[in-house]
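Just so it is clear, A, B, C, D and E label the chains in written order, and each chain counts residues from 1 on its own.
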Amino acid sequence: MLGLILLFPLIGFLINGLWYAVLQAPQGRKKAGSLATGLVASSAIFLSFAVGVVAFVQLAGMPEGARVIENNLFSWIKVGGLSLDFVLRVDPLSSLFVLVIAGIGTLIHVYSIGYMSHDETPGRFFAYLNLFCFSMLVLVLGGALPLLFLGWEGVGLCSYLLIGYWYQDIEKAKAGKKAFIANRVGDLGFLLGMFLIYTTFGTMDFSALREVVVQRFGGMAPAGAELAAVTGICLLLFVGCTGKSAQIPLYVWLPDAMAGPTPVSALIHAATMVTSGIYLVARLDFLYALSPTALEVMAWVGGLTAFVAATIAVVQTDIKRVLAYSTVSQLGYMFLACGVGATGAGVFHVITHAFFKALLFLGAGSVIHGMHEEQDILKMGGLKKHMPRTFLVVTVAWLAICGLPPFSGFFSKDEILWMAFASNQGNRVLWALGLLTAMMTAFYMTRMWIHTFMGSERFDHHKVHPHESPIVMVAPLYVLAVLSAAGGFMGVPHASWLAHWLEPIVPHVVPAEGVNHSMEWVLMAVSVAVALLGMFAAHRLFRDLRRPEALKARWAFIHKVLWNKWFVDELYEGALIRPIGRVSQALWRGFDVAVIDRIVLGFGRASEWSGQTLRLAQTGSLQAYAVFLLLGLVLTLGYMIYGLV
Amino acid sequence: MQVVEPWVVLTFAATIFLIGLGGLMLRRNILVILMCIELMLNSVNLSFVTFSRMHGDMAGQVSVFFIIVVAAAESAVGLGLLIAMFRTLRSVDTDDIRLLRE
Amino acid sequence: MAWFESHLLSTLVFLPLLWAVAGLVIPGKFRKTHAVWALLGSFLVFAVSLRLYGAFDAGGAEFQLAERAEWLPSLGIAYLLGMDGISLWLLVLTTFLTPLVILGSFSAIQERTKEYYFLLLFLETGMLGALVALDVFLFYVFWEAMLIPMYFLIGIWGGKDRVYAAMKFFLYTVVGSLLMLVAIFYLAYAHKVQLGAYSTAIVDLYRVNVPGGGWLSVQSILFLAFALAFAIKVPLFPVHTWLPDAHVQAPTAGSVILAGVLLKMGGYGFIRFAFPLFPEAVVLYQPVFLGLGAVAIVYGAWVAMVQPDIKKLVAYSSVSHMGFVILGLFSLNSIAAAGSVYQMLNHGVSTGALFLMVGMIYERRHTRMISDFGGITKVMPIFAIIFMIVTLSSIALPGTNGFVGEFLILLGTWKTSPWAAAAAGTGVIFGAVYMLWMFQRVMFGPVTNPENEKLRDLSGRELAVLAPLVVAIFFMGIYPNFFFEKMEPSIQRFLERAQVKSTETAIADLGRN
Amino acid sequence: MLSVSPVFFYLFAGLAIACSLLVVFKKNPVSSAFSLVLVFFAFAGIYALLDAHLIAAIQILVYAGAVMVLFVFVIMLLNADAPSLDIARTSAALKVAILAGCLAMLAFFVVAFKRMSPPAPLGPYTAEAVEAAGGNTRVISQLMFSEYVLPFELTSVLLLAAIVAVVAIAMRNAKKPGSAGKEA
Amino acid sequence: MENLVTIRPELLGLATVELEALSPHFAVLGGAVLALVLSVVRWLQPKWSVFLVSVATALLGATLSFPGLSGAALAVFNGMMVVDPYSSFFNLIFLLSALITLLISFRYLDSEKLQHPEYYVLVLFSALGMMLMASARELVVLFIALETMSLSVYSLVSFRRADRRANEAAMKYFILGGAASAIMLYGVALVYGATGTTHIQAILERLASRGAGESVLFSVGAWLIVAGFLFKVASVPFHMWMPDVYEGAPVPITGFMTTGLKAAAFAAFVRVFLSLGYGKGLSEAVETNLHHILWVCAVMTMVVGNVIALTQTNLKRILAYSSIAHTGYLMVGLIAAPRGTEGYSSLLVYLAAYAAMNLGAFIVLTLLAGKGDAGLNLHDLSGISKKNPVLAFSMAVFLFSMAGVPPTAGFVAKYLLFYSAVQAGEVPLVIIAVLCSAISVYYYLRVLVYMYMRDPIAGATSARVPVWSVMALASMVIVTLQVGLLPSPLVEMARKAVAGL
């Protein structure tokens, strides 16, 4: 039954793909419209969503402890001591992700029908989108690490294809390549982690792995070499996560990924792909729990990423880049949560973030759609009047992301902050950092909100006349708006259905003893206050634009640093890419051609040279030959006699 | 009456042989070279005769007979070659035959 | 027909040659008929190889379908053929690629087609013979006989300075194999001394114990002689400089066969001769070759990055891919060994496809410089799709054949030496870098060069050439067990012969997998 | 030990060495030819001393008579009797090398001959036995036609081959080139 | 004094079994004389008659010597000559090479306007000389046979009388040849002095009994004889004459010399080498010295031959230096033979294979040679494969065979030779040999480069290939490939031949 979830998007991909390749691609063939191809794609993902819901219901029906549906499709690789089966497994954790992926996927597919209406080859777009959903579902449903890796690289490929969808613009193609290579760096860490698991525990299947770990370590924590191995595994897998979920060292590709069409950014770079890192950590939570150092590293990386991304987002002017950095920042939050041991909170934030971030992106999409591809918020303003429905839904999302109480953002972010403060892995500094980032999030989101919808209209009127997006785009927004608003209630502190639901996979974290219960309410109030403070500051600052200009002039240096993304891209270019280029040039010209070939040809030239010199001995004069003969004779005779005398 | 030591005769034959060999290398005039070859063959004959006397065996002397025949035939062919060469090169000097080299 | 049934391997080996000789009758000017005749022949040979697949039963004896005939009894040299799981798949790869190559060169080769197709089929005979020969002398005969047709293929139909490339290719291999020949002499004589009778059959030579021990003991020197000959063929890092020249100058068909099969001879040689004959030396030199393999992977990738010429880039990528094979073989455990044999098959398919496609662009634009291209996707969409699939297979994307090979090799190598696996792992990244960078400069971006505007897309024939390869890429990626079933027992025997107790059995009893 | 009177031997030996040096160092080929004749006479003398009377006779008949006549005839034919100064043209270093080479060889031979152990079993054909059997010539000719019949016959083949060879070399392809083998 | 029994009539008569054994020799001699007579008869068109008679003689001689291959060794003429499988094996090589030379010379002489019947007679006489050398068991007889062969070859070398280079080559060959023969003869004299006999078998026995093995006289004499042979096979210290003579001589004769003359020299060399006790009779000290000298000579021959050939552009000179190189390989076989289990059989196989491929190469050269042997430089060959593909293909087979690339006779020969050398423990020598043959691959393939990979020169016409030459060429290609693919008949023949030594 689980095979069906995968089958539908695959069939969707094949239909669109073959239809495009055979009928549309060759020169002179008519291109199919976005409606037809869109419907095929959307129905495929919707059916998969339906099956997902059925599976969810079935799971819910099962007894508490044994909530697992598993079917083994076929034996993938069986060689030497290794045997990998293509086994799909759904349990509470992955069912949630399936619903999120398929659900939001369907909404975005419907939205794309409208968004891609005037694109030349929508068939190709929808084929890639379906392929992405297929890979993401494989990632989530995969029962063993290699299968997860199959999905892992599959989504990497689809993000490459979709970012570089408009391939004629070389910049967009470069962005796609950058994304794929950054992911590949991460994937190497993932691979090595997988090998370390196999060599230490002998299996890569999740359930088998869990049994081996429990049986080997049971209660007491591992020590010495065992600890080193487990920590190694966790850190290597985390390197994979940083690659995929855009954390500190490898996050540079996500902002550039905005080159892709907006639905792509919404689906891949907000809701699904970037969260696969969290899914992996959650799936192997029983391993991460064993190595405190790994958790600490994760927490700090998450915290720092959140903070740095937030600082950059503050100064960005492109609407999609602001959202991109905000995503990086929110992902930092999620890893912060996992790092302090509250994986449940992390998963909860994934879900809520998926709702409001997808909504924000789609909202931005409809703004851009209305403003005829204009993405710079400084050239927008006053769109409230022109796009009332978009304004409404974006406002809901804005409130959610700032973390105001009734909305979903508040519950998940607050849970994370509380855990950062209270759990025995958490520490005060991280909590403070998180709080500061929350404030800055509110600040830059409000800035974007004001620039886009409020204030004077800064676009030139006769060229651009904004209009509301068609119903096919707005309907999904409404659904998402509802989810963003109500989504928080599934994880109300102390009575969270979600924690209960994830119980067997992700144990519920109890706050450390030293912290008394009442502190939670106090901190909740503090975080709401901080959010309001951020909003109010942005509102005051950006009411008339002269004041930010002045601020920018005074703090020019800081602005320049933030505007250039802390010069991280330049750092990588200078430190890695250019030196490797120079070294390989040296290797090729220098070593390959100069050293090896010279040696090889050297032998040839040496024999040629000796040939030339010896050849001169053939002077042609009879006398010389005779003397040479005598010489030979005398020497040899002498040697013969020498032996005897 | 004293007797001649065999090695004296053989050394004498060897000196003649080496004079012939040396002459062959020293002289450029092909005629003299041919004569030197004859000298060498004569000294070989002498060695054969001396050895056959020492061994009290006639094999040496019979072989000398055949060697003389061969030497004669060889010098005839040599002179023939010399005439043929002379007809085209108009000289009997080895310096002129340096066309084939390296 | 009974004779064919009982002498399946001989028919397989000599059918192409006889067919080629029969083809000589067709007069020179009927170009098309030569090509079609050769194509027919190659299909026939492919059919025979499929029959072989059927006849080979995995559980059976080590070398099956064996044929023996006295050849030089006084020296114990016999015409001994036999096949095991590993050579089965390399045979099928050869017979699978040859028809595609012939079909691919219909339009490419216009002059002297009679000799061209004769040489191609002669080359096929050489390759097939080397794969099934179980007598060291017979193997050496086929091993060198292969060089002659390839030398002419590169030399006559090649690019600008083809003569230099052909000569370098020939001399490189000959020097290596001559040293191997001396090692064969020593071994054959050791067999006579130790076991009384003359024999150069490989099974007998396995029994000869050569004094092992130190770095420069007899066994090590003999091993190095064999290893050098095969390393040149692989090509392994320090002795690889002939490959880029040979590939750049060879005609399309030549470089496909060169990359597709000739490079595998090196790997096959290691498996059949170097490892089982000198197990101690293998263990002794294991770190050296693991290092060389890893260096080859990284070095090949790095140098490929800066190549202006597509063919040279693909050539250096072959150095990198084959570095994986060496890494896998020298990890001496069954997963890595299976991975490296599988990687050899993958490399044959994906690099073969790459060269075919580069050939197709070359036929249209007569240039191989990346800078001359740009925005080809707009003009040739079908070509772009297939080129993308082949590129993905070359950078080992899961789901394609490349991934299975590299995954197993890295997993196996990790067990033997984590550092080598980690270093080789970076090759995966650099692989993606140079392939995608090339793909982007060639296919994406606006159509800058006016000549690129009017390029016609793939013709039916060209599609027919590429379709089987694309199917193979996905089939090998999704259902590798089809290949592993037949290969498995032979790999076990190979490792037992290399007398190394495979380490993973120690781990297997830790937990079920 | 050779029962040879030293006086005569040293006389002939001295003559032979002197004349052969003359052969080599004389500028005029004709004088070289004549000194070569003297050498042959000296050799004939030594043969006689060594009781090889047939060889001595043949030496004079064949060498002195036939070969030298041929030489002189050729010298006159090519009127090459002009003195050729070719010794001067060879470089001094070459001369020294040749001399040194020859002296070294001579030293080796002398060493070889001095260490020669007397051959133990004396063959049947001692001087006296040959005398008794009817003289040197008789014995040689009888041997020639019994034990050594093969070399004897082969020399005839050799001479035939030599004649054909010389004819092929020296004939003048005068008149019609390519004429079907009708030569002078 | 009992009267000496000097007259032994029984030695004069020839029993019928001896007649049969000697039939090849008598056939060739009779044929030569008949050809000589016919060349004088004017009305009978001597050009054709002599040619046909000589070809018939060569064929007859070859067929007659076949039975000798399997027969027992038969000593004739008081043991001075022996007809055994060894000599029959070599007779086949000599007559084969004489036959091929005759076949290709016919058209060659026409084009050179040198159609004189003496040519064919001299070829037969030199073939006869070679046959006698192979079966001579007595040093003087060997010397006479050697001289018969040499005299006829001197004349054949200078056959193109009008061409200065031919005369020069002949004169150089004669003078140096004469000196070498004199040196060898002096060696024979010294060996006679040391052992009291010139009979090969007797020398060996006397060596053991008289203890002459250690005497300086014997070792000096032995080395002088070996030096004489080294000159004939053109080993390094004595090789200077060969390139010039090969270039000066007419092409068929160069072919005849590289195959027939070298084989004859080696045939006699092996017999004499055995009789001089290398491997059995010689004392320890002399043997090691001789081994060292030969080792050095072999290495230098291989290196010099291969390396200078790299620099040559004239095909005849390339094949001359390649012949020197092959002499080097043969010397490796010679050194290794006594200690290796294979003995001299690999040497014989090599000589046979070398003869086949070399004759083939020279057939192609003769057909390509222009007037006065012009047109044999490398660039004249460019594009031949387009003009006459048959010639190009056969030349390719011969060149690959010389380079020792598998499916050809050259490879099998090299394999056996080096295999027996490794068995004799000469591994360093074999490694040097193998590396030298790697060098040789370059200059052999360079010829192929010009033939196949260069475009033909404008106006180059395809050479008219007469029927005789095609027959000869086809037979050589077949022999080269046949020995390459099915070597066992030749190897068995060689092993039987060596058994009798």
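We take it that a contact is a pair of C-beta atoms (placed from the backbone, for glycine too) under 8 Å apart; a residue touches a chain by one contact, two chains touch by 3 or more.
Just so it is clear, the model here is predicted, and its values are computed rather than measured.
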- Item | Chain closest to the middle, measuring from C-alpha centroids that were averaged per chain | C
- Count the C-beta pairs in contact for every pair of chains, then give the pair with the highest total. B-D
- What chain lies farthest away from chain A once each centre is taken as the mean of the Cα atoms? D
- Message: Rounded to a whole Å, what is the gap between the Cα centroids of chain A and chain B?
- Response: 99
- Task: Quick one: report the Å distance separating chain C from chain D, using the average Cα coordinate of each chain.
- Result: 71
- Can you check how far apart chain C and chain E are, centre to centre, with Cα atoms defining each centre and the answer in Å? 44
- Note on the structure: Distance in whole angstrom between the CA centres of chain B and chain E is 26
- Query: Touching two or more other chains, which residues of chain A qualify?
  - Reply: 604, 615, 618, 620, 622-623, 626-627, 630-631, 633, 637, 641, 645
- Which residues belonging to chain C are in contact with no fewer than two other chains? 171
- Query: So which bits of chain D are touching at least two other chains?
  - Reply: 90, 98, 101-102, 105, 108-109, 111-113, 116, 119, 123-125, 129-130, 139, 143, 147-148, 151, 155, 158, 162, 165-166, 169
- Chain-chain contacts, ordered by label, are A-B, A-C, A-D, A-E, B-D, B-E, C-E, D-E
- Note on the structure: As the complex stands, chain E meets chain D at residues 1, 3-4, 6-9, 11-12, 29, 33, 36, 39, 42, 45-47, 50, 76-78, 80-81, 110, 113-119, 121-122, 125-126, 128-129, 132, 138, 140-141, 144-145, 147-148, 151-152, 154-156, 158-159, 161-162, 170, 190, 193-194, 196, 210, 215-217, 220
- Considering the complex alone, what residue numbers of chain B touch chain E? 10, 17, 20-21, 24, 30, 33-34, 37, 40-41, 43-44, 47-48, 50-52, 54-55, 57, 59-60, 63, 66-67, 70, 73-74, 77-78, 80-82, 84-85, 87-89, 94, 97-101
- Note on the structure: As the complex stands, chain B meets chain D at residues 1-12, 14-16, 18-23, 25-29, 31-32, 34-36, 38-39, 42, 45-46, 49-50, 52-58, 61-66, 68-77, 79-84, 86-87, 92-93, 95
- Message: List the residues on chain A that touch chain E in their complex, please.
- Response: 604, 607-608, 610-612, 614-615, 617-618, 620, 622, 624-626, 628-629, 631-633, 635-637, 639-645
- Within the complex, which stretch of chain E touches chain B? 140, 143-144, 147, 151, 154-155, 158, 161-165, 167-172, 174-175, 178-179, 181-183, 185-186, 189-190, 192-193, 196-198, 243-244, 247-248
